[in-house]
Every structure is written in structure tokens, then in C-alpha cells.
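The two complexes that follow have chain A in common; it is paired with chain B in the first and with chain C in the second.
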Partner chain A sequence: MTSKFRTTRRRVLQGAVAVGAITSAPSMFSIAHAQQQSLKIGLSMPQTGGLAAGGRASQLGLEIWRDDINAKGGLLGRKVELVIYDDKSSAAESPAIYAKLLDVDKVDLIFAPYGTVQTAPILPLAKQRGMVLIGNFAFQVNAKVGHDMWFNIAPWGPADSWASAFLDLGQKAGGKTLAVLASDQEFSQNVAKAAKDVAAKRGIQVVFEQNYPPTTVEFAGIIRSLKAAKPDMVYVTSYPPDSAGILRAVNEIGVGDNVKIFGGGMVGVQFSAVMENLGSLLNGVTNFNSWLPEPSMFFDGTKEFFEKYSKRAIEAKVDPLGYYLAPFGYAQGQLIEQAVNAAKSVDQKAIAKHLRENELKTIVGPITFAADGERKESATLMAQYRGVTDKNLDQFRTVGKQVILLPERLKSGELVTPFEALRK
Partner chain B sequence: MRGNDVAFAFGAMLFVAAAALTTFLVGNEYPFFAGYVILQYIVLAVAWTILGGYAGYVNFGASAFFGVGVYTSVFLAKAFGAPLLVQIAVAAAVGGFLGFAVGLLTLRMKGIFFSIATIAVTIIIDTFIVNWKYVGGAAGIQVVRPPTMAPFESYVKMLFVVQAILVVIAVATARYIQNSRIGRGLQALRDDELAAECSGVPTLKLKLLACVISGALMAAAGAPSPMYLQYAIPVAAFDLNYSVSALAMSLIGGTSHWLGPVLGAVLLGVTQQWLTVNISSAANVLLLGVMLVVFVVAAPRGIIGLFVRKKSEKTP
Partner chain C sequence: MINDSGGVFETTTGRGWGVFSVELLIESIIFGVLLGCFYCAVSIGLSVAFGLIDVPHIAHPAFLVLAAYCVYILNDTWGIDPLLAGVLITPLFFLFGIVVYRLYHAMFEKRGSDAAVRGIAFFFGVAFIIEVLIILQFGVDQRSVTAPYIGKSWRILEMRIPIRQIVAFVVAVSLTLALTLYLSRTFTGRAIRAVAQDEGALRLLGADPIRIKTWAFGLATAILGIAGALLIVVAPVEPTLDRAYIGRTFCVVVMAGLGSMSGTLVAAIILGVAESVVLTSFGASWAPAISFSLLLAVLAVRPQGLFGR
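Take a look at the complex of A and B:
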């Protein structure tokens, strides 16, 4: 075997130089990172891959908070520094990243990335290390792990709350039967399951149920058979590409006059690019959302945040509206700001205690946490698109394009039925 | 045993011992998190080379076998609370069986047709798992680790050593095949299958064997993954990235020698981990792509090809 190799002195030297270069490079980077005085917050963020668009908007929200807090003199008199790595939207990447954050970068606090799949593997790690983990729109990841220092900024609340909200609206409008259309994806399946459970509890008959692979592009067949089942309520849990495909098929074929409410769990129709692209096809759809520019949604600092965001979003080339994720990125920082100031240290237990026991003021409204680390009260909005025209992004900045139907305390209008009425 | 074998056995033992020793000497867990991923890629790349390199059958289905390993573990852990070693052993057996079945169905196809068939296998198995609710379906499943076993102080360190042992098993298998009648037979059929068959090489039998071994090792590489991530989800388990990486690592390292995929996996794996935590943007994906292109152009026979003398250059 050795006879096959020609080892010369030059080769060995070349190899040694290469190895030296590789091993010394990381230490140069860590010197650059090391700033003794700063308070470090570590996280991964999907900057590439399927969740990148959302990840970048969320990150910008958090960065705006960082700049605001540093302008005020930092936290505990220390400058706040964000250490962010790209998790490529993949669950396989996040464990090593968080191990690096905790063991090498020695960050003081950790935040979760935007996305359930990357959050699931790091939650047990945070539990094991006794670290507070501020969640970012992950859905029901803590149910099995039971980490008592998990605090999810997402407005979801209890697992079945948004299916309940959707069905409340539908039943109030006289709906008795339900159709469920769901993508074969982690998030969509979880949401669809909650809806079916709630329906079973309330004795709502499920007359149509269809899962489809995430790669589906043509929905005409599915929408035709859905229409034939004559449901009163249609609960759709889909991802961005299929949300568009479904709405196009609905536009062509229709779903029938007995459908009172349509939507529920469609992901994607909260993002500027999709909203602009779909335009009038959105009319009538009642869907979940997290933040909308209705008067009831403005709290202390919200307006100022969006003024900064809309300027910086152009430079950063991210979602120009940024309603869905960005304010929550900022609010994540606000949670930590209040807890660290109250604890007067970065002691994880003290921070967790403050978060657990107090109402926290944020730009997305006051937040209190339940024992499982989700919101005590759901703040997930059910909103109906109305009067949307084609090819106009700025219309979504105005009041009344997405009318909030639930929750009661944030409401700005009533459900208009049937679904098709708003589409004519 | 020849001198070479002794040296190899010694080297292998040294490698495992060093891996085990570092888990006690290094308190920082990050190297083991990152190291685990790199070792996992070594197993995948070496396993890929057995069929893809020696026999020349380009397999795009590495992620199928990897995912089968992942989900065998998930199933065993959920249904029986099986320990890790059982998970790996059963995963290898299932992977081997799958290799046999896939081989029987596809190995009569050649070249690009075989490769396409292997992609189809990934999609079929992925779809099956997505619709199998017991193991979590599309929503994924969270897996709770059993308590850490002595003498290891953390589960990840134990997984690191387990993966190091898998590396030794994979490399030893590949090395044995390369130096045995099987390897020579595979090489013969890679160069010219018809001529090999005519010369009495049992081509189908050898290809099947390579498929079984390769599949078993890939599934074994995936088996500890649910315990590493404490989570399993089809999009991650059947990620086409595993197929592409296994292939790229083998090609970059060189497919003619067992050392090739090892070098390729170490180089690419380390670079990937390093880029992830140092250049945090789309640039890291780009850099990796550029690296692949550079290697394909500058070293078509891989790193090994740069060192190993061409046969024609050998003195008669």
C-alpha cells in the first residue's frame, strides 16, 4: 500500500502548511469574536434554505432591538452582541451550532431559531444545560421535553386554540360540517390534527379530508372533490407554494355557496411577496396571522419599530412589510431586557422566574406565559382579507384589508359570509 | 496476517482509543457535536464508495439508506425502548436487506438508469415514512435519550465514540473488499461488465453483495442520528444532501482506494462545519460549490489520484 504513495519532503511541507492554515484560522476568528465586556446572545437563524425569507426578517427585528438597547446603554451596562449562525433551515445543523454557542462562544443567553424543526433538537440541550430558551414561532415543541425555562414568543397559545378560533367563527356563522386539506409537513400536520380533534370534541362532522405531498402544484382535482363534499367550513393547512396553488384552483373552480369560512392554517399568505402576487385571490380567506396594522394592534413602541423596520428592510432586502415575524424578533429582545433588568444578572433561573411570573410589555402587546412556556392566552389572529386588489403591496399597510375577527380583545370586524361573497 | 494488516489493525485501534480518550480529556462538548457529524459522513462516504467507487454504480440513494437507519432506530426506541447497539445492529440488517431488494430490482440497469432508480427509492421510502403516523409521520417525532451510560459523562460523547467505531468497521470492510477477490471482481465489472462476466466473474452476485454491504453501513451511520438530534423528521432524515455529500466526498477524495472517501469526508466535513460557524450566510454554500468545481477540474481522480502513481507511470 505504501508503495503507491510518493512521499517527498515538499509534499509533507505542503501538507503541513495546509493543516496549519486550517487549524489556525478558527482561532483568528475567535479572537475577533472575543469582546469581554459585551453581553452575548447566541442563536441560529435560517439564512439559507426554505425558511430563509422568514428567518432574515425575524433577524432584522432582533437586530433593531439590539441597536435600540445599545443606544440606551446596553443591558446591565454591557453592550449587547448577537452571535448568529446559519442553520440552513435544517434540523441536522442546529445541535452543533448551539453546542458551539454555549461551549466555545460562551454566550450568556440563547434564543431559538425561526422554525419548529431546528428548535426541536435544541430544546433538550437547553434543558440539559439549564438555559433559558426564548422560542421563535416554533409550534408545540415543548410538550414532550417539558423544559421549564422555555418561553415562546409566538402568539399561538394552547395547542388547539387556533383551530378552536376558526371553528368558533364557522359555527357562529352556522357551519356544521368541515373539510380539512393539509400538506404533508410537520407544521401543517400538527395544525390539521388539532382541528380534527376539536371538531370531534364538538361533534362537527368531517366530510372531507385530504393530505397532499408538499411538492403538489396542481390542486384542481382536490378542489373539485372538496366542492363535491359540500362542506360548510374548509380548514386549509398549507405551505407557501401550495397556498398559492390552492387559491388559484379555488379561483377557477370555486368551492360552492355553502362554504361559510375558508382558510385557517395557510402559511405564506402572511408574507409580502405572496400577498402581492396573489392579490385579489386572497379576498374572503380567513386565516391565522400574528400581527396586522389594525388600530387594536399598536402598543407602546410598535409604530416606531415599523418606521425603523421599513427603512432597514429595503437595505437588508427582506420582507418590506415584515408583519408576520419581525416585531416578534424585537419582542424576544424585550422579554430578555425586562427579565435581565429585573434579575440584575444573567442568572438563568432568576430570568426564567421573572418571565414566568410577570406580565411582560412588548411591541406586540402584553405577554404572560403558561407553565409549558407557551402564551397563557392565545393572541393568534384570525383575520379576513377584504377588498384586496391586484399588484399593490402598499394596500396592505392600510386599515381594513385584513380585518381581525378573533381574539375578542383585538377584534376589528365581523366575519363576512359566505366565503364566495367577497370574491365576486 | 500480512504486515500491512497488522499496521491497519493497530491504526484502527489507536483511532478508537484516541477518540475515547479525548472524550475524557476535553470538557467542551462542541468538538464532539461537530466531530460526530464528520464521522457520520466518513461512514457514509466509505459505504458509498463500495458500490459507487469500486463497482462504478453511482448511487443517489444514500439518503434512503440513511433515513431507513434513522427510522429503524426511531421505531425500535418507541416500540421496545431498544438500546442504541440494538438499534444500530437492526438498522444495519434492515439497510442490508433493503440493499439486497433494491439491488435485485435495479442492478440490471446500468449507468444513468441505475442512478435514477436509486433516487426513486429515496422518494418511495420517504413517502412511506411521511404517511406512517406511528413514527411521527410528516410532523416528526421527538426522541427522549436514555440516561448517559458510564463511563461517558455525556450522551453526545458516547455517540461520538460509537460513530468512531462505525468508521473503523466501515473502513475495515472497505479495505478488506478492496484487497480481496470481491474487490478485484468489482473492479473488473466496473471496467467492462461484459468482459468480466465472460471471464467468469459472477457480476450480479458481486454487485448484490456490494449493495448489501453498502446499504448496511449507510443505515448503520444513520441509526444513532435520532439520539443525536433527539428528534427525527423525514425532511431531515431523507435529505438529498446526504446523497450528494456522500458522492461528493468520495469523488473529491478518490474512489479507487478506501482512503479516498475518508480524506474527502474529513476535508469536506470539516470545511462544512467550519464554514457554518464562521461565514454565516449564503456564502458558505457558494464556497462549497466552488470547492467542488475546483476539485472536479483540478483533480478528477480525487485527492488520492494526486498521490497514487498512475499505472502507466510504474516502472515495468
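Take a look at the complex of A and C:
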């Protein structure tokens, strides 16, 4: 009985090994083949967790670029392969992923994930290894690290550009006093602080300042106090869960006819699900954005990109509009495409030199980098929502729903004041 | 400090400052009462489950969020009014409550005196599973419902009161009244209170305390159907919203004195008014600290709670 069992077990093991060898042989062969042939770009991406909605749209943009470049024969005659791991929107995950990408997967180039928190811990690693790092919407992460091979695709530009643009618009409309409403977490606090600094420099009086904890669920009381302070301009730096609560309370309580401009740094209202959800509550809000379907925003390849994106977004179940991040995912690829072709190799120094010294053409417009690796000139849009109706996502594909007020070169309209006028 | 605009006080705190007038104070009290009623509606189920039958129901806010998502499905798919949807899901939640209590009883309560401690772990696990299931099904995005009373307000003189808050007020008062009557006038209701007071004596009378407790827990969970509807009417929901409510709901129930329904309403209103006034005068950052400061103060003076048994 025992010996029979042993025989059986041995046979089973032999069989398993044989089957394993047969099935893994082609894949081992293909890995060896791919290693010889493909040019690998490694990155982490938030595919789960709080930033997943943005991360997956960004990744799809990059994948469309990969398919386009491979259809043209690849880079340096090599097929482009993306090696992507999920960082779960967590700063604790990304350092280990990038160490693996460089040491185990031996990737040729690295891109940063979407998100400031996961990018911050990998910048020192990239600097230490002498790798070019193409940033993806991180906010002011290189200010302290000072990596000279960091190039951020985000349109931010200088740290105070959002606040300056917002206050430019408000002051032009006659605004003299400011209210600042900010979520009590790091990103929002940084953005709010920049606004207060700019206001102080310009002699704008801050008449109301309120930080609210991220657990706040009811904003009517806060909006009531804000209204009582009678500000001319209201700068809001909120996170996705709060943006809806704030706008709803504004609709119910009102902020007064003296408010000329409202918004500025609200995160979340750039995503399809939130926009559809809020609908007409968005009207009148002037907020930062990265890309919008206004005529001034179409460059070489932009239209074709969105035709492909709209089709693939449905299959991939990601943000159906994808304006905020997806074209920048594609543009990240375009940066590296131009630099690698110019350097005729994946030599990191040569790639960095090309990116630093040249104007680069992308589907989100021409890009030049400053010494800190951020955009030399901010391309952050300040746009005002107008004529938005409820429960209709397709309306956001049309011109005029989010009118670009700044920067001047991309402008598609003027600020309509007072804020409440567009909400009646 | 008296401002030039006449009779307006400005209070300055470390991080933020607001303008504070008598008018604003009255408004913030009225608003606090409405907010408190909403807190009562989301806590009263816990007052039955934890206050009366001693189940350490940490998963209460997670059940609440689950109910809100059920209401969302009914509203989004068939356009059913959120409050009606809340009423429609109560039988389902009643059954769900019975199943959960039976599991808890069989695995923990039956086995001994440290049931409460291990029960916390059980309910924490249940809450976590619910949260993950919601994320898998709906993703991390916020969800909200549409109804004629959402996003509009009533104007009384210069004051504007959100109608959704008035809806919360009416529902909370009705729920409290109905539960108080149920627990004092009906046979089962009295039996639930008897279980809370002396389980052994009830057994001697020939009644089965476990059946009574199962019924009570089912009832506590069923109420969450309506409370969940209020939750999504008052503000959009997201899968991890339960964490924002866990402190507040337990605070209300403990402050009220375990098991008192009218006490729950009073305690919730005190909490709502305190939060609202502090928010208007000192800033929103201080508001969450209020619930626990109040709880500590009440427990120091009256350890059995305001209306404790």
C-alpha cells in the first residue's frame, strides 16, 4: 500500500515536472527573446486605492502611446514594452517597486506614477542611480531633492502659479478681499498657503480663513460663516470627498452677490464621475485644470488621441472623458520618444540633455523645462463651468462648458461675474 | 473686539478666524438642532444594539453605508425616491441583522464572558469586509442620489435652511417616537427592555432571551435602512465614510445613557448644537474634538449617561 502510494506520488511529480517544463518552455523562450529585443519602460501606477481612477486613465494614455510607437516600428528599432506594477496609491509601496524595476526587471527607462505621495520617495532613488525620471502630476516634489534629470509632464509650472492666476482674475473683476477654505491635509494646505502668500504680497485682505478636517461631512455651517464675512474672492482647496459637500452647501446657503470668483484649487471636479455627479452645482466655479476640449487646446495628434481613448476607455472601464490625465500619459511617451531618437541611445545623460535644452512637441502643446524640471511656463488652466446641466456626461465633450480664462495664450473666454449669476 | 460695521464680534484663534454675531449664533443653534437630529437618526439603531442588548456593534456605521449604497442602487436604477427606497430595504436589513446576530451569538456570545472583546474583533472584520465589497462593486468614487428636496433650501427672513436637513429632522423625531412607543407599549418591545435589565429573570418567566435579542438586533439593523437613506440624502457617500461616523455614533449612544431612545435624541441634539456653535465661533478644526470632550464631561459627572438605566 505504502510503496504503491509512493510510486503513484513519484509518477504524479514526474508528470507535473514534465507538464511544467513543456508549458513554461515557450514563455521562457519569449522572455529571453523579449529581453533581447524590447526597450523596457518601468513604472508603478495606482491601479487600486484612492488615486486609482486617475491612475488607470493615465496608464491607458501611456498604453495608447506604446501601441502607436510600436506600430511605427518602436524606438531605436526595438519594440517598446511597459512594465507596470500597482502601487496601491501608497508611498510605502513605490520605493520597493522601483528598486525591483531597476535591479530585477532591468528596465531601460523609468516614469513616475500618478500621485505626489508615491513619487516623493522614488526621486532620491532616481537621483542616486542617475536615471531620468519623467514625472506625472506630482506637485513640487523636486524642490528639496534637486534631481537634475527630473522632468514633470504636469502643467503646473512655478509653485504659486495657481494662486496667482486665480487672484489675477479676481482682482481684474474688482476683488479686494479674500476667503480661504482649505482641507486640513498636506496638499491642500500647501496650495492654500501659496494663495495666502500671494495675497499678502499684493495687499489683498484675507477676511475669512477656515481649515476643516478631512472627516467633515456637513458644510452648511462653514459656508454660512463664510457668507457672513462677505468676501469678494473665495479660494477653495478641497479634496474629492469634500468638493461635492461644499458645492451643495453653496447652492443651499449661497455665498452672497459680492463674490466675484469661487474655486481655484478644488481637486476631484476634473474627473468624469464627480463632474456627472455634481452637474449644475458646478456652474460658475472657476477652477484649475490641465486639459479641456476648447479649440485652443488641440495640437498635432490631440484629436486622434481622444478618438482612440474614447473607444478604449469603455473597454478598460476607466474615466470616459480622461481629459485631466490621459493625454499627459501619452505626452510622457512623446517626450521620451523625441529624446531617445535624438540621443540615438538610452544613455540617461544624453536623454536628459535633450529634454533640458529643447522645446518638445506633444499632444498637450509644446513643452520646455526649467532648471528644476518643472514647466518653464505654467500651462495650468483656470476655467469656469458654464451652462452645465444634471446627469449628462456627454455635455462636457462640447465647447463652452468649461471656458478657459487663463493662461492668455490658451484663453477661450472671459470670467463671468458675480459667481452667483451663473447659478440662477 | 467690536467691529466698525456695528455690533459684530471677531474672534481670532490660532489657525483661523470667523465673524461672529448674535444672528449667526441663532442660526448656528438652529442648524445644530437639525444636525443633531440627523446624528440621532444614524445612532438610534446602535442605541438598540449596543445600548439595550449589549452587542459591541462596531460595524454599525459600515451597515449604515451599506444601506446608503442599497438606496443608491434603487434610486439610480429605477428612480425611486431615496426615503421610500430606505423603507423598501428595511425587511432585507432586518433579515441581514438576524443572520449577523445569530453568527455572533453562535461564535462568541454563547461561549463565555469575554464575548464582548472578541465580538469587537468580529464586528471589525464584518465592517472591513463590507467596505471592501462596496469598493469592489462600486469603486472608490462618491455616489449620490437625486430627489426634489436635495440641493434646495427654505428661506426664512435672511436665513436659508437646507430642506434635506429638515427631512432629517422629521425622520429622526418620528423614528425616536416610534421606537419609544414600541419599546414601552408592545409586548416584544417590553421584552427587549426586560432582556436589557435582567436576562436571567426573563428566562425564568419562560421567554427565550436569545430570540428576543435576535429580534432586537434585526430591528436595530432594519432601522439602518431608513438611516442609510438619510445619510445619502444629507451628503454623498463613499466606501470609507463609516470611519467618520464611528466616533460620533458611539459618543451619542454612550452620552445618552445606554438604551434610552429619547436620551439618544437629546444627546444627539446637544452634540449637534455644540459642534455647530464651535464651528462658527472657533473653526471647523475644533468641531470633531467636541464630541469626545462632551462625552468625557458627561461621563465624569454622570457615569451612567444623561438618561442612563
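One rule holds for everything that comes next: the second predicted complex is superposed on the first by the 390 of 424 C-alpha atoms of A that agree within 3 Å, B and C clash if a C-alpha of one lies under 4 Å from a C-alpha of the other, contacts with A are read in each partner's own complex, and residues count from 1 in each chain.
Keep this in mind: contacts are C-beta pairs under 8 Å (C-beta built on N, C-alpha and C of every residue); 3 or more make two chains touch, one makes a residue touch a chain.
Note that the structure is a prediction, hence the values are computed from the model and not measured.
Of the two partner chains, neither chain B nor chain C is touched by A:Q395. Using the contact criterion defined above for the overlaid structures, shared-chain residue A:A229 touches chain C, although it does not reach chain B.
Contacts of A:D184 after superposition on the shared chain: both chain B and chain C are touched. Contacts of A:P121 after superposition on the shared chain: chain B is touched, whereas chain C is not.
After overlaying the two complexes on the shared chain, residue contacts for A:P213 are found with chain B and with chain C alike.
When both complexes are overlaid on chain A, the residue A:I97 reaches chain B alone and has no touch with chain C. Of the two partner chains, neither chain B nor chain C is touched by A:S296. When the shared chain is aligned, no partner comes close enough to touch A:N70: not chain B, not chain C. In the superposition on chain A, the residues of chain A contacted by chain B and by chain C overlap at 184, 211, 213. Across the complex, chain B meets chain A through its residues 4, 28-30, 32-34, 36-37, 127, 130-131, 137-140, 142, 144-145, 156, 225, 228-231, 233, 235-236, 239, 241, 257, 270, 273-274, 276-278, 280-282, 284-285, 307-309.
Touching chain C in their complex are the following residues of chain A: 49-50, 52-53, 184, 207-213, 215-218, 220-222, 224-225, 228-229, 240-241, 244-245, 248-249, 251-254, 271, 273-274, 277, 281, 390-391.
Every residue of chain A that touches chain B in the complex is listed here, in rising order: 1, 4-6, 11, 22, 25-26, 29, 47-48, 84-86, 88, 90-93, 95-97, 99-100, 102-104, 117, 120-121, 124-125, 141, 144-145, 183-190, 193, 211, 213.
For chain C in complex with chain A, the residues that touch the partner chain are 15-19, 21, 24, 27-28, 31, 35, 38, 139-144, 146, 150-153, 160, 162-163, 165, 234-236, 238, 241, 243-244, 276, 279-280, 283-285, 287-288.
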